[in-house]
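Next come two complexes, and both contain chain A; in the first it sits with chain B, in the second with chain C.
Entry: the complex of A and B
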């Protein structure tokens, strides 16, 4: 029996559909071009907005002349920051910890711009092209101010990126303060490096966009937005725009990729809502690629200054790390700048038994687009630094990269293990991961090939990376990483009068396949076939929840659906028991039937039971409540940890500096998989992004913080020729904390695979005494490194 | 050559998915926007509007073209196939079925362009190697799948059989 109070409850669930690679329910609609994405929405009378964006990274706005733009036929309205400020103070973002420096980003800048791409004015016109024509006619006088272009410049505090942020310091944190210096002083081997991770863009192939409609007659505001967090967005709209929350509906249509970039509240969303209300007409805003690269939140820009102390036999003794985040001019909402360095620091010791750690982080304001969430946010840069140094130590101690990791990983007998970075690790299969990776790679034969290649003047390298990942972020997981956020989501499960099942969830999808995976969960929870379940998501008219991010949906979706389904099962068993004259406890639900346990013939179809509950009162026991739907929330009782590892084999072309990835291996342990096909899709997709971020992608700013990479000709996404075939192995260590033992997954590729790619390149070039710590490992960087050392 | 004002409407006669269309549009409107907003065929997606991502790829006289780099007026006299023209009636094209079977899509934003590129390839060569497929689709960016399952879907034997039948047919 479900306890309505226990949001952590782990309901028992049978597994019939769970675990099957069922083809996705949503695919036919997408593949025929019939899915509706944000730019496909056309409402009667709809107008089109285009934003004027700052051409300078830091400047005072002296004067704005709108006269020529206003005269352009087709222009309906032009607003500047001052107009928007009449209705909203903008987006204030902070973290509920002491001494956090909150920032308020105006919905549009009015006095001062603080990054290239910040919005200054918006034109609403009869078409997007007319609106864009009008932008060209707006004349603005600026007084340029000095910019803060880098972490190094931010630290000097000679200039401020944002006058709200004293000394450019948004937050400074000491996660672990062990006295590591004596250990470093006496250690037999110390390796260290300063690792410069690149600034990247999540770059979903669909850019951001939203459409707002305000109906003045009843006060209802509808916002269609390509957002991962419709429920949260609705609450923030209510707060920031002073519009009663119950009059707002946020709808997420089909989304063309999110990857975290669409898990923010963007200033443009506030503006588009206000414009629709002002004009009494629907307003659409679809950004172009340049805007997305300029202003769609940036990611991953950290410097990690790390050192590791080892014993002579390769045992890790202590870690020191200082993580600095190049955070941009404002905190993003809801994550803040601390979603990079501070969050990353919590996982810095990873899957290893490192007795002592000194871990600090600082988020620094710079004259750039705010840093935000992107798959694996926070963890990526630190993982690269740590795994690179482990490899370096292995080389210097003459150990294999597998052996040194095996020596140090947390083992089952160590659980629960309180890591030096203050995460309690209760589950995982780290040793098994390393063993599996080693056999997949066939290490002895790789070593032979590497030696042979070297003799021919070719550079082969192997990189490995082992990770664990907090998934299914609930309240306790957020608390463990030092970002106190209350986090749970809600599902409603209904058995319809004809015995089919309708599930509503707050988890929207951007390609993750929830229509299928949640249907698999609900089908098993109620003993019906998957094709008798429909999953409704995408509107705040459904149940409330924070949204889809941080590998939450599988865990919290399953937990909430299983808890709600259990409440419905109780009713079904109650009435079936009454009709069959047995105890409700003897009733089972399976194969679309409700019958006496062990006697499948003594029972009836789900449709018959549901029909009786809805339409045949004579079948009801006394005082029977015929509600056949239930709503339940789930918040995991603790951090749910998935784990795994990656290995890459690369060849570096010494003449061109080009890296060819020959083979890629992934081991993933996400407990019980709901749909292995979808799990593997997430693994491959994450690894492709990892190859992009470690070899190709880089948002480059000039000395005035002007972004130089604003097209896909300059910002290089990996193509089908850059991503190899990926061999995947699954381990399955079910979590005791989630119904069905399901763990979250999806981010591992971007957490851990970059470290494997970089490790492989460094392994290939180690024979030339090259150890690269600035990323991405572009051909230029590798070529320059090869030319700076002797043959 | 006659100079045309930016807002002057030009008449275009074209065939899209087997249906004849006649409409008047501004000469500056891309073929992608023409298909999406003049003809309501929003299955063609726009990802970068500068010819790199390939999401907007359609078949123009059988050849894969970036519809963001062509103008709508250049559709004059051409025969165009978009993703909406792929299924017959209520039956998915075997290539669409294969994409579904192999999980060759996640968010689906690149799928229309990917299908167009793949279809043009398979009409020339029903049994391409995996390397050939990777080279041909390297102009279509996918941010979700890692490409491998897309290659699987295009190299599927049922697809090859169907395409060979079409060649003979």
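Entry: the complex of A and C
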């Protein structure tokens, strides 16, 4: 019997569907265009909102003239920041650690705008077109203020991006404070670099958007929102809008990609709810692409100033890193600006035995859109810096990139290993990852090809990146990375009267395939076929939870389902034992039957047992509580660490600076896979984004923090043409820390694959003594580096 | 990103379209809409009336006669790509087409629309310059013929006057061998730089060279000095590189967020070299 008191424990499940690449249940709906996204919602009388957004990065609002806009036929209501401020103070975001500088972003700016794209006014009209017409008629006088355009400018504190943030410093953290200077002074090899990571946008194909309906008769507020966190959003709406939480339902239909950008509470969501209440009519806001690039949160804009000390034989001795984040004008909710530098620093030493580390981070306020979560969050930039420097050291010490990593990697015998970046590592297959990558790449034959190409004036390069990733973020893992958050996600499992299974979960999906993977786990937990399980998510009318982010669903979603299923299973065994006159402990559930262990004929179908519980009191044992429904949470007892590695082979055209990726390799160890096909989909998607962020994507601001890349013609996402063949290998080291051995893996591609791309380009150009540290590696940057060396 | 309000007219003939344009200063012709419609959605333009040319079947013909390929302005890139009968005589058009955007855009985008819009980073302007095409421009008073060299007057600017329509592009046949080189950030994107070269070889020596460069200036450029330099020469690594140098040495290119002026100049030179070497080994017809 399971101990159902301990949220960290789940009983073991016999695997049948788990581990099978069964086809995704959701695909028929998605692929035939029948999925309902926010923009597909049509409610009777629904009105349409459009926001007026700041044209300047920092300015005082002197006067707003709405008269012409209000006169436009079809305009129902126009609000400015002052109107919104009557109902909400906006979004206050902070981290529960000492000396963290909280910020409050008004729901709409009323006195001062602090980034281009911040909302100033909103028009509600009979159509989005009319609303946009009205925006053009609003006349605003601004007094422009000095902007803080970069990390360097923020540091000087000559101007402030946000007067709530003294000296532009949102948070300064020293994660590891070892005295590394003597080691660096005496080390035989020191490599260092300042790595400028690019500001990017998660750019989900479905932009943000929401529809709100307020029913005055009963006070019920319904918000349909493309969010990864419906439960959390509901709570924040209650708090920020002073609306009783029980009167709010947040519904999330199909989400068209989230990648972290939709794991925030956005000011627009507050406004749309207030407008629906004010007007007594449903109000829809569907963000356009320009708004999304301007204001949908930005990500990954860090500078990492890193040095690594090595012995002559390539042993790592110490690391120094200072991470600075260009955080924008406000903290996002709930992650805050710390989602980049501070969180990134927690993984800075990665899978390596680095005895000493000095690791600092600072989040700086700038006149830009707030930084937010994007797949891989703050880890990506640090991974690039560290793996690039390891490669550089290997070149200078004449070691292979595989050998130098093997020399330094944490081995199974070292577990538990307390890393210098203060993560306790209890699991991982780092050495096997490196070995497998080396054999996939066929390193000797690559070296031969590289040499041959060089003789022909061609530049081939190999980049590798080895990582581990905290997944299934629960309370303990949040605590280890220094962002105290309590995990509280739940699932409800019900066996229906006819023996089918209905699961509700707080984990909404944005394409990850939860309807399939969760069903596989529930099916095995109750011994029924997968097609007898339905998974419902996407409404706060169901169970409550924090949300889908941080590679959590595979671990916490399935853990909570398994724990709830076990409670139901106890009931089934209890009644079946009674009916079959054996101990409940001798009852097993498998193949859609409930029978005596070892005697499959002595039993009955799941439908018969369920029917008995619901409809036949005479079959019940004494004092039997005839429910076949249970709700449970699950919170992993430790940080669950998945791991793996990536390798990329590229050819650089030295005349044009164009990088062609010839082939990509991925090794992933996420323990017990629920559905290998879905795991591979996550890997491929993550690598595609990694190629985008390392070669193509860059949010470029001018010297007044004006965003220049406001369409997909200038903000360059990777297309299918840019993604090469990807060869995937699986290692399978089930986690001993999670019942079932399942680890998360959704972010690995964006944590580690960018470093492989960048490493490959640097390897290709190393013979020209080029080491590129500003990203993305655009043809222009590569060309400039090659030509400055030439001249 | 919704269109501003505009009126919409559907002419039945070119003459009717010209009348509609003449009647309304604020009217704009709508071809495939692959540029104009996004611009409207971004509210960077708000014409009073769109004159939709899509029903005008007289502008959708592809005809080879009198040693000339005549392509109607409303021929889509996809239609042109499917007209493979002309590929042997006009290889450059088809080499360049491979770089024009993606399937969805090629299905709607038209050759006339692209030329009339005259984006310096588009492929077709380079092609018409390299092939010495004639642009047929219709007005209420009749048609006039403008050489490609005189057609482009700047970025987004051509010899087409208000109240006129580009109706046809005429490509005289040439017996050059052709090559087209382009650098773009992603396949299908607008170019950072592009080069088209044609060679007519006699006894291993260049009898006539054509060199056109795109996206290095506000309009496509021919490189007469480099063309002259190659006359009578063998095409080798050295002569091709020198032709590239000559073509780009005085170039005052522009910078944008994707490429510096220096990038465009030097890569332009490289692409000319590559295109010449490739054209030199293309089989003669």
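As a convention for this text, the second predicted complex is superposed on the first by the 788 of 791 C-alpha atoms of A that agree within 3 Å, B and C clash if a C-alpha of one lies under 4 Å from a C-alpha of the other, contacts with A are read in each partner's own complex, and residues count from 1 in each chain.
Here is the rule we use: contacts are C-beta pairs under 8 Å (C-beta built on N, C-alpha and C of every residue); 3 or more make two chains touch, one makes a residue touch a chain.
Just so it is clear, the model here is predicted, and its values are computed rather than measured.
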Partner chain(s) touched by A:677 [first = chain B, second = chain C, both, neither]: first
Which superposed partner A:512 touches (first chain B, second chain C, both, neither): first
Touching partner for A:255 - first (chain B), second (chain C), both, neither: first
Which superposed partner A:32 touches (first chain B, second chain C, both, neither): first
Which superposed partner A:689 touches (first chain B, second chain C, both, neither): first
First, second, both or neither for A:658, with chain B first and chain C second: second
Touched partner set for A:726, first chain B, second chain C, both or neither: first
Chain B versus chain C, judged by how many residues of chain A each one touches: B
Which of chain B and chain C A:711 touches, first, second, both or neither: both
Chain B versus chain C as contact partner of A:129, first or second or both or neither: both
Where chain A meets both chain C and chain B, residue numbers: 129, 288-289, 711, 713, 719, 721
In the complex with chain A, residue positions of chain B that touch it: 28-29, 36-37, 41-50, 52-53, 55, 82-84, 86-87, 92, 96, 99-101, 103, 105-112, 115, 133-135, 137-151
Residues of chain A defined as touching chain C within the complex: 127-129, 132-133, 136, 288-290, 655-658, 696, 700, 708-709, 711, 713-714, 716, 718-719, 721-722, 778-780, 783-784, 787
List of chain A residues in touch with chain B within their complex: 23-24, 26-28, 30-37, 39-40, 42, 129, 203-207, 254-259, 288-289, 510-513, 677-678, 680-681, 683-689, 711-713, 717, 719-721, 723, 725-726
Chain A-facing residues of chain C, complex: 1-5, 38, 42-43, 102, 183, 185-190, 192, 257-260, 262-263, 266-267, 270-271
